[in-house]
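What follows is a set of structures to go through.
One chain, chain A, links the two complexes that follow: it is found with chain B in the first and with chain C in the second.
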Partner chain A sequence: MSFEGIERFFVQSWLSFKALFGWIEPKTYFFVKVLNPIFQLLFFCLLAKYSFKTNDLTPWVIGNSFLLCIYNSIFGIGHVFVMDRYAGTLKMIIAAPFNKFLTFFQRGFVHIIDSLSTVAIGLIIGSIVFNVSFSNISIPIFIIIALVAMFSVAGLGLLLGSFGLVTSSMNFIANIVSMILIALTGANFPIETLPNSIRIISYCLPITRSIKAANLLMNGGSTQVIYSLIVKEIFVGIVYIALGYMFIIITEHIAKRKATLELY
Partner chain B sequence: MKDSVICVENLYRDYETTKGWLNKKKVIVKALAGISFEVKKGEIFGLLGPNGAGKTTTIKILSTLLAPTSGESRVLGYKTFGEENMIRQHINFIFGGELGVYRRLSGRDNLVYFSNLYKIRKNIRDKRIDELLELVGLSEKGDLKVETYSKGMIQRLQIARGLINDPEIIYLDEPTIGLDPIGARELRDIIKELSLRRKTILLTTHYMHEADELCDRIAIINKGKIVALDTPVNLKKQNRITSVLEINVLGIYDKELEEIKKIEGVETVAVKKNDQWQLILIQFKNTHNITQNVLNVLKNNTVISVNERGALLEDAYVRLVGGSI
Partner chain C sequence: MITVLETIYSTAKLQMKEAVTRPTFRFCLLIQPIIYSLITYKMFINSGHDNFVAYTVLGTGILTLWSCICFSSAGDIERERYMGTLQVIYNTPTNFKVIILGKILGNTMLGLLPFFISFAFVRLFLGGDMYIKDPMAFGISMIITIASFMGISMLFAAVFTLSRSSRILMNCIEYPVFILCGILFPIEILPKWTIPLSYILSPTWAVKLLRLSVEGLEGNDIFCKYFGILTTITIIYFILSNILFKIIDNKTRIKATLGVV
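Take a look at the complex of A and B:
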């Protein structure tokens, strides 16, 4: 990619994020990206405290902080085509010669960065309220784990978003997927306690391995295992992105046949 | 046609929908029922027709956004479904209304975003954006957010967006809808300017005077079929043996309209509804004098004015499409 191509990537990423998301405005940002996630985190951590009768809430603070990226990665990225449809700009994007998947990927990029800020807010609030200490761990490795987790969930968001070309019910789909992530990624219930068949689903989901790696890091687990989990998480993200790429080609074709590009 | 850039042959498009909740039934709506036409390079070609006639469906197919059910549509020699990547760099479209631009971005940022979708080099892009903002009269407001724009300004920005890739073929779907008379006039001037630059333009509109002023040829489309295709002059000539009686009345009933239709020499009757009165447009053979007979039918109505004139393009349209305007 040329220098101009790289510049174009960042310009498009920023413009599309600014164009489609209202939380650029500080008030909306505060409610959607700060206050709401804090209460979600508090709810699940308090639930765990009383259900599991424990005072060490480290796994729940980490798991649920990671899950806060759902706002960006599932609802944000998953809705880009739908939001373009409502802005009346979807047909301009589809009829332009630029690769649709790249257009879509550019839009996901700022979401990954933005979701990191939400995750950081969750970790800071969680550590203050529930006395979780990060003093004895490698912060760079923790940041890498968080970044890989965001990348991987963004991959799932891209796959979901491709369905926006053929359905107007993305909210319904995004809600189901976010509930699956909350229940099955190990953020709230240890994966070992899930039935075998459900466990398979857990390991097909993004973020599961990142939560496991972060918890291992907090507990001083094997670095080898942590690195292996990080690599596997990247692979999961790549698989979802590849599926998203394929599905965009397929759904664009279906959308033109079934006239769903302007389905409200 | 040898120098055609758009070729449409026997094009059909059906829309499938369902009726009912538990016992769903498939319903097929025929939007296009076998239309054929060709557009030459540099031509302004008009598609006229009532709502639901198939105009927008035709434009969507030609702009690679919709697959035809059957038949063939080619742009610059390539199929619009299957070979769309060969076409997209050379076309663009402008739909009427306030949608189609990002309201939270400035006018300039919108143009930057859409030009990047066409991979236009930065130096060309920035120069072209300045030129386009100048062309549509938004140079001074280009850095303001679109949400602060008036309807007319949004429409002008849409035009700049539609020209961002310097397209060879431009589709304009009711581009002046909702514009004030001055805004509409300015837009028509831009269309004429584009035509001088040998751009091919396919235009749909409801405004007959607009089609008459701009189009080299016009296809009148009704219920998915082309019912006439000719130059505006020839379409009007088809109506040379008819005259039009315009009567403004306060209140008119269907029964009275039916009676007028029965008067000897009357060909079509259409009604334009205004806020307080109705304008009855009666096309009749100019070998007959129908004025007194019509006024007899309307003897119980308040007739505001009566005027007889020669046929216009609008009258040719009414004659071909029938019904109200």
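Take a look at the complex of A and C:
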């Protein structure tokens, strides 16, 4: 890839990011990306405080902060094609002699970085409000866990986004997936309490292992187990990206055959 | 009067048909109660509450009812504007507020469905059981709860019509109300400075009233007190929304912004 190509990649990423959420206005960004995630985090942590009758809310602060990345990774990346359809540019993207997956990936790239800021805000607010201390842990490892979590959820977002070529109900799909992530990744209750059949779904989801690894790190758990969970989470992310790539080829074919590129 | 009731009935019917065609509303109505039930059931199972299933079902039902209000009632005027039908509705011989009331009634009726979905899910898939110690009080509480949710919907519909940031607000009022109204935990666990905010929101009193009737009344005093407060707040909401709708009427006639997207 030439320098011009790399530059175009980042320019496209940035423009798509700005256009998707209309973040030219700082007020919109503040409400959608700062205030709303904070309230989501506070709600689930307070619920845990009351239902589990505990004052140590470390696992819930970590789990629910990680989950805040769904605003970017699921709703942001998942809506890339839908927003292009509304802007009237989807036909041009499909017709362009350029790798669709790369186009798609460049549009989601800034979301991955931005989701880290939301997660960081969640962790900072959560640690202040609920007295969670990060002083006794290895911060670089914690950052690696967070990065790996964002990567694997972005993989799921890429997979979901591919469906945007054949359906106009992406909001419905994104909402279901985000709720499933809140329920089944172990952020709010131990996944061991779920029936076996549902537990399999939990292990197939991104973030499950990252939350477990971060909680182990906070509790001084085995480094080997933590590293093994990180590697498994990376693998989950790669699988989702591969599936996303495959599904874009399939859905592009279906969209052309069924003429759903302009399905509103 | 009969014409007004007929308008409310037919608008509510149309609204119910229209609302279920929207994917986000379908999500709020059908999927959200199931997932919230699972989360709250699993979180409360070892809480020591002997009637925690009632807590789960009621909490989930109210959470979802509120979500339906956020994503439908509060945004209905804005939606009509985007569809280009707001001017038509506004200029019909029937009072605009009556039509909005009909829409809100339709949404609220649909919003009651999650209570049953949540109960059925918890009963059939999680094996949970619940009891209502005072069904009569529960019935009365439910009626005033529906009225109060309609009142707050009218108020939000008016506020959101006046605001240029209605879509942002719509997405951002969900969790603050979940927290402030103590839908799944008592407001006493919140910082003291937030309590006055909780008290001016009708869902706080609706939840208190419903929980009281589920747990059983030891005396009528507290029930009557909560009932009185909730009724008063609901009346205030309707009065405020009436004033706001008059302001909207005035503004739209001066600025001619009914069709401005």
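In the analysis below, the second predicted complex is superposed on the first by the 258 of 264 C-alpha atoms of A that agree within 3 Å, B and C clash if a C-alpha of one lies under 4 Å from a C-alpha of the other, contacts with A are read in each partner's own complex, and residues count from 1 in each chain.
The rule we apply is simple: a residue touches a chain if its C-beta (ideal position, glycine included) is under 8 Å from a C-beta of that chain, and two chains touch if they have at least 3 such contacts.
All of these numbers come straight from a predicted model, not from anything done at the bench.
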item: Superposed partners chain B and chain C on chain A - clash or fit; value: fit
item: First, second, both or neither for A:40, with chain B first and chain C second; value: second
item: Contacts of A:199 with chain B and chain C, given as first, second, both or neither; value: neither
item: Contacts of A:182 with chain B and chain C, given as first, second, both or neither; value: second
item: Partner chain(s) touched by A:171 [first = chain B, second = chain C, both, neither]; value: second
item: Chain B versus chain C as contact partner of A:48, first or second or both or neither; value: second
item: Distance of closest approach, chain C and chain B, by C-alpha atoms in Å; value: 11
item: Common ground on chain A, meaning residues reached by chain C in one complex and by chain B in the other; value: none
item: List of chain B residues in touch with chain A within their complex; value: 15-16, 60, 63-67, 81, 85, 88-89, 91-93, 95, 97, 99-105, 109, 112-114, 116-119, 121-122, 161
item: Interface residues, chain A side, partner chain C - complex; value: 27-28, 31-32, 35-36, 39-40, 42-43, 46-53, 169, 171-172, 175-176, 179-180, 182-183, 188-189, 193-194
item: Touch list for chain C against partner chain A, complex; value: 23-24, 26-27, 31-32, 35-36, 38-40, 42-48, 165, 168-169, 171-172, 174-176, 178-179, 184-186, 189-190
item: Residues on chain A engaged by chain B in the complex (per definition of touch); value: 4, 7-8, 11-12, 15-16, 18-20, 22, 24, 87-89, 91-98, 103, 256-259, 261
